[in-house]
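After this come two complexes, each holding chain A, first together with chain B and then together with chain C.
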Partner chain A sequence: MARLLEHINVPGIETFDVYRKHGGYKSVEKALKTMTPDEVTEEVKKSGLRGRGGAGFPAGMKWSFLDRKSDKPRYLVCNADESEPGTFKDRYLMEKIPHVLIEGMITSSYALGAKTSYIYVRGEYMYIIRILEKAIQEAHANGFLGKNILGTDYSLELYVQPGGGAYICGEETALLESLEGKRGNPRLKPPFPAVAGLYASPTVVNNVETISAVCSIVNESGDEYAKIGIGKSTGTKLISASGHINKPGVYEIDLGLPVEEFIYSDKYCGGIWKGRKLKAVVAGGSSVPILPADLILKTAKGEPRLMSYESLSDGGFATGTMLGSGGFIVMDETACIVRNLWTFTRFYHHESCGQCSPCREGTGWMEKVLHRIEHGHGHMDDIDLLVDVAKKIEGNTICPLGDAAAWPVASAIRHFREEFEYHVRYPEKVKNPKHFELEPFRSEKVLATV
Partner chain B sequence: MAKVTIDGIEVEVADGTTILNAARQIGGEVVPPAMCYYSSLKDTGGKCRVCLVKVTQGSAKDPRPMPKLVASCRTPVMDGMVVQNITSPEVLEARKGVVEFLLINHPLDCPICDQAGECDLQNLAYEHGAGKTRYEEERRTFEKVDIGDKIKLHMTRCILCYRCTFVADQLTNERVHGVLHRGDASEISTYIEKAVENDFSGNMIDVCPVGALTDKTFRFKSRVWFTKPLDAHRNCTKCSGKVVLWTKGDDVLRVSARKDEFGEVKEYICNECRYDHKNMGDWTIEGPRHIDKNSVISQNHYEKIDMQKLKLDIERQIQFQKGKQLPETNQSPA
Partner chain C sequence: MSEQKINQVQFSAETMELVQRIIKRYPEGKQKSALLPVLHLAQAEFDGWLSAPVMDYVASILSIKPIEVYEVASFYSMYNLEPVGKCLIEVCQTGPCWLRGSDDIVDHLEKKLNIKVGETTADGMFTLKTVECLGSCGTAPMLQCGSDYYENLTTEKVDTLIEKLRGSDQRSTYMKSNMQEI
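Moving on, here comes the complex of A and B:
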């Protein structure tokens, strides 16, 4: 089975000719010439491919929900807004091997019956927009885009749309609003995009990686794809590894790889840097619950934790987390959980669209309280206050950004409450921003003797 | 038609009716509060989250409960739906949270705010809020600005319900204001150097649930409870001409549109009626305006009490306090 990043190191792979020489655009030929659109959708269903943008919703199922009876045009929109802290895999893919996304867009658009499709790229990725536009030009020049692709009666135009640099425009309905030229506020659902999306027409929104994966699914069949991975976590996944590891970067793993192997093997992260100990991991981008070292390596049942949708969420939020977008942030023993949480919360405060009261007001509140605690001005009851504010945001908002802001707070306090208490108890010590680098925090018992 | 049960009371409503409007048909305590939804403005609602309710049964066909609390103002009923509002502790807790969120950055300057006495946020806080704040951070502030020559914007008091932007969008022929920035830095604003100047722009003042948009011709003239509201009308070519005059002696201090029992304007009025006819003589007086008996405004207000209705109301209250089921209807016998 071909991997997404298989040819990543081939010189010139970003150009059409080299990409084509290495098997590029075969899926377009195969789909357009030998398959009906529904057959392509069927293969995607069989592959078990799940959305790589964060929620992990089965792509084939999403495609089958698209309202095909409507007489309005249908759209495929690629979500390349990638703004989740800790996630940078889409950027890597688009920068190094842009044609895999263009190829996936063409094949997927064909399956969905879209005649116009869009790639919505976050505003900070301006250089990527140039790369994609060049790739689109090349595809056009070679007859893979435009009128009557490869002599068939299928025609497609593909456009790249830069965003304005807002995380919230990665939420699919805010993205559609923004694409329509409006303020990027998420819409109330239902209706879902599959029924009324872009310009109130049936629309599928998928992540860059999801769409790119369609190429090899079509080339080698859904069943072949489903052989990789474990259980309902089929295929490969790009993981953005960052933090206190020896080899940060983007890795393509087969789903089901043990977390321990991912962190410590030289093939991947290469272990914790400077010979230090592992303290905690945020496994799926900043929105997912943080887990302490013991729970990320093993589930509460004592089984090895695997890099899969199911295994990472084993134990629910009490002892588990989520695969999310695959932003794998590793923290060593010197990391300060409070400081890290404050940084995350500051991000959500800054990125809330401000439409609904719990998220607009709650994110700012949490940030301010965390700022105080981290800088030695906290009170003991601030900790329970944070838990309560997070609880009152969670589930009560229009879009999941509210949840994404609440989960890190709730989980950090769930697993590292002692560390918050330490900040309140020893304000002088935490005033130095490098406090835990000077003296790693271990546990209450050790502290008692400090 | 769809049958829906809200807090144990069944009601039959037209298909497509929202839970909130179904509850309004029942009336009384089971009606969720609403700070952003406005029936006559399309696409409003869903934002403030004070109207959250719990759906314990989705429909007769699919009885599964909904996983999260839903905004009753934007969720249509299904036949056989069962909803909990005041009977769900979870709803009350979430609502208390929302009220707290709305208040943490609010200046609480009611003593100098023209809206005091007729403010939805005051009422909401009174009914659902806590007596004490847990917020000890600095509050967000903005400069006061004029939007147009007749309207003052106190962004500090705004709860970002977006209603005024929908008025601008749907009632006036040229939209010149909207929301700038995002998150808690969002603000209502006019586009650069353009003032709101339109025949119907004054309605923004009436739809604003708080004192963020106030009538400059009325600012600081009087506390609203020292005025006498009168229903009045005049022949107007632009609007229905049906208004409320807020008077003191023979002086008309303010003219506003009429609001229904849910605080919503049904017939919008034009700026001419609102600003340019401040003489009693310009109007045909219909009589005192009915004001809710719980409102502070009715303290200075004379209206013949319907003793029978009052008795019925009190009985309902007593029954409700005892936890008994509410009577089917709150209508007084004809």
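Moving on, here comes the complex of A and C:
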């Protein structure tokens, strides 16, 4: 059942009055008037809510790490630097129902004891910033922000900060650097932001969807929220569906929905466009391993694959992937895996902050090598060279951007090696950028001609 | 604008007031936090790009060293360090947009505007750029101009858009209009 998007189609839901009429800001009233901050944190822990930005770290546990003994001010910073290719759910949520985020920010800031909080939005989402500014003004005017909220002794100021266009600022320590007016270079950890974050003060950084989910958790109780979903994947998740499907868009699902239903049901993606066949899916944003059709629909053990943290990662990276940010990119039989991967690698090369040489140099080399394979100038050795470079980036950098750049390369070659070999063997055939649109790749064809 | 000198660069009174309000969002002494928003304002006010005198001016307002501004302005992709056309057309080209035909949109724009990616038309009207994922994958292909997203593009839609934009100046629309209400 929809939680975040329950009232998405109500006309005027982006305004305070309509949002309030539909049960908005109840969690603020309940938390500030009847609960202690620690009780709110306890509910979030009980809910089993996991970070919705991509890493999936338990949100309640992250909150519990916040240094509450420090005499410095504490901060809550919302990560709205949504930049993972294939992900646009936060934008949708903030555009359509901005007050759910503002409400979540107030309730969460209260739980963490923050008196000033920031929402860091990627700079390109300028029109979203406009929407959030308006929502904040409305919340202020109605006594939900500012001094002595609802007559209690809790006060909070909430500000929106625009980014400058950098994927890396979605990494929480890079985001904090950026919020301090610096280049987005990730920090070495420890110390973790919970101890020394923004202005070296205790800070929690959470994704838009994570913070928004806190409203229903407080309203319904953590135990109730934990009943939604499956196993350790509790609650609902926003999935951004893109690529070769009939109905791209943002869908709120109960975690545990079968992947097959998500792709083919008219309620969600509505099947593959143009009557074509499914070839591959990148299930959690560009960083997670790509899976071929058979492995995204069923695990290696033959069980139906579910939209949950555990089921998507079943089989490890050999035969599984990750839920990640929920950026679900679907490719039909005409998609060229090599070209898609080249665009991803170009992205990581462009977005590497340049601090760690394995990432700065490695992403550049992977982009170059993939460019030449895709354009018909590759060598057979290039394929193993790519695997080797990816291996040398992975695990050898300050932040996970290096891993995020390495995993797509390693997984594409793991599952689609023949397609890379085809590019090397038949340079003339791949010179047309739309090669597989003219004639979809068939692996048995390669085998027959070898 | 390339002839600018720092003493000629000055925010309007209105923008300056906005800058002061932005600085108040951060704790005392942390005014450097205002750098990214102020650079957006500067770019909107001074022809869509950040010249060295403009960056020096921003440094002086925030009481930081010019190098602290340069290193930030050169790090983030939204800050232009060279002049741009009145309409900066930024086409997303990352995987999900490519899957839905962004290459065709780029090709079409190159032909229509008679320039290559990275170039500006002779009349200074349009600059064409390709960019990485703008978070519009479900409405791909797409482009951004000023603060607006144009989505689910077709070559016909691009033609209509270009005619609509021609003659306008999108450089100042970016930041100013929305932050004034804060």
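Rule of thumb we're sticking to: the second predicted complex is superposed on the first by the 442 of 450 C-alpha atoms of A that agree within 3 Å, B and C clash if a C-alpha of one lies under 4 Å from a C-alpha of the other, contacts with A are read in each partner's own complex, and residues count from 1 in each chain.
Here is the rule we use: contacts are C-beta pairs under 8 Å (C-beta built on N, C-alpha and C of every residue); 3 or more make two chains touch, one makes a residue touch a chain.
Owing to the predicted nature of the structure, the values given are computational and were not obtained by experimental measurement.
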In the overlay, answer first, second, both or neither for which of chain B and chain C A:188 touches.
first
Applying the touch criterion given at the start, work out whether A:355 contacts chain B, chain C, both or neither, answering first, second, both or neither.
first
Go through the superposed model and pick first if A:331 touches only chain B, second if only chain C, both, or neither.
second
Counting residues of chain A touched by each partner, does chain B or chain C come out ahead?
C
In the superposed arrangement, which partner chain does A:133 touch: chain B (first), chain C (second), both, or neither?
second
Go through the superposed model and pick first if A:122 touches only chain B, second if only chain C, both, or neither.
second
Between chain B and chain C, whom does A:24 touch in the aligned arrangement: first, second, both, or neither?
neither
Touching A:166, do we find chain B (first), chain C (second), both, or neither?
both
Considering only the touch criterion stated at the top, classify A:363 as touching first (chain B), second (chain C), both, or neither.
first
Touching both chain B and chain C, residues of chain A:
166, 183, 350-351, 353
Chain B residues touching chain A in their complex are 46-50, 52, 68-69, 71, 74, 93-94, 97-98, 100-102, 104-105, 134-135, 137-138, 140, 159-160, 162, 178-179, 181-186
Chain B touches which residues of chain A in the complex?
166, 168, 183, 188, 349-358, 360-365, 368-369, 372, 385, 392, 395-398
Parts of chain A lying in touch with chain C, wherever the complex brings them together:
73, 82-88, 90-92, 116, 122-127, 129-130, 133-134, 137, 157, 159, 161-167, 178-184, 199, 240-244, 248-250, 282, 286, 327, 329, 331, 335, 339-340, 343-344, 346-347, 350-351, 353, 433
How about chain C: which of its residues touch chain A in the complex?
25, 27, 30, 32-37, 39-40, 62, 64, 68, 71-72, 75-79, 93-96, 98-100, 103, 132-140, 144, 147-149, 174-175, 177-179, 181-182
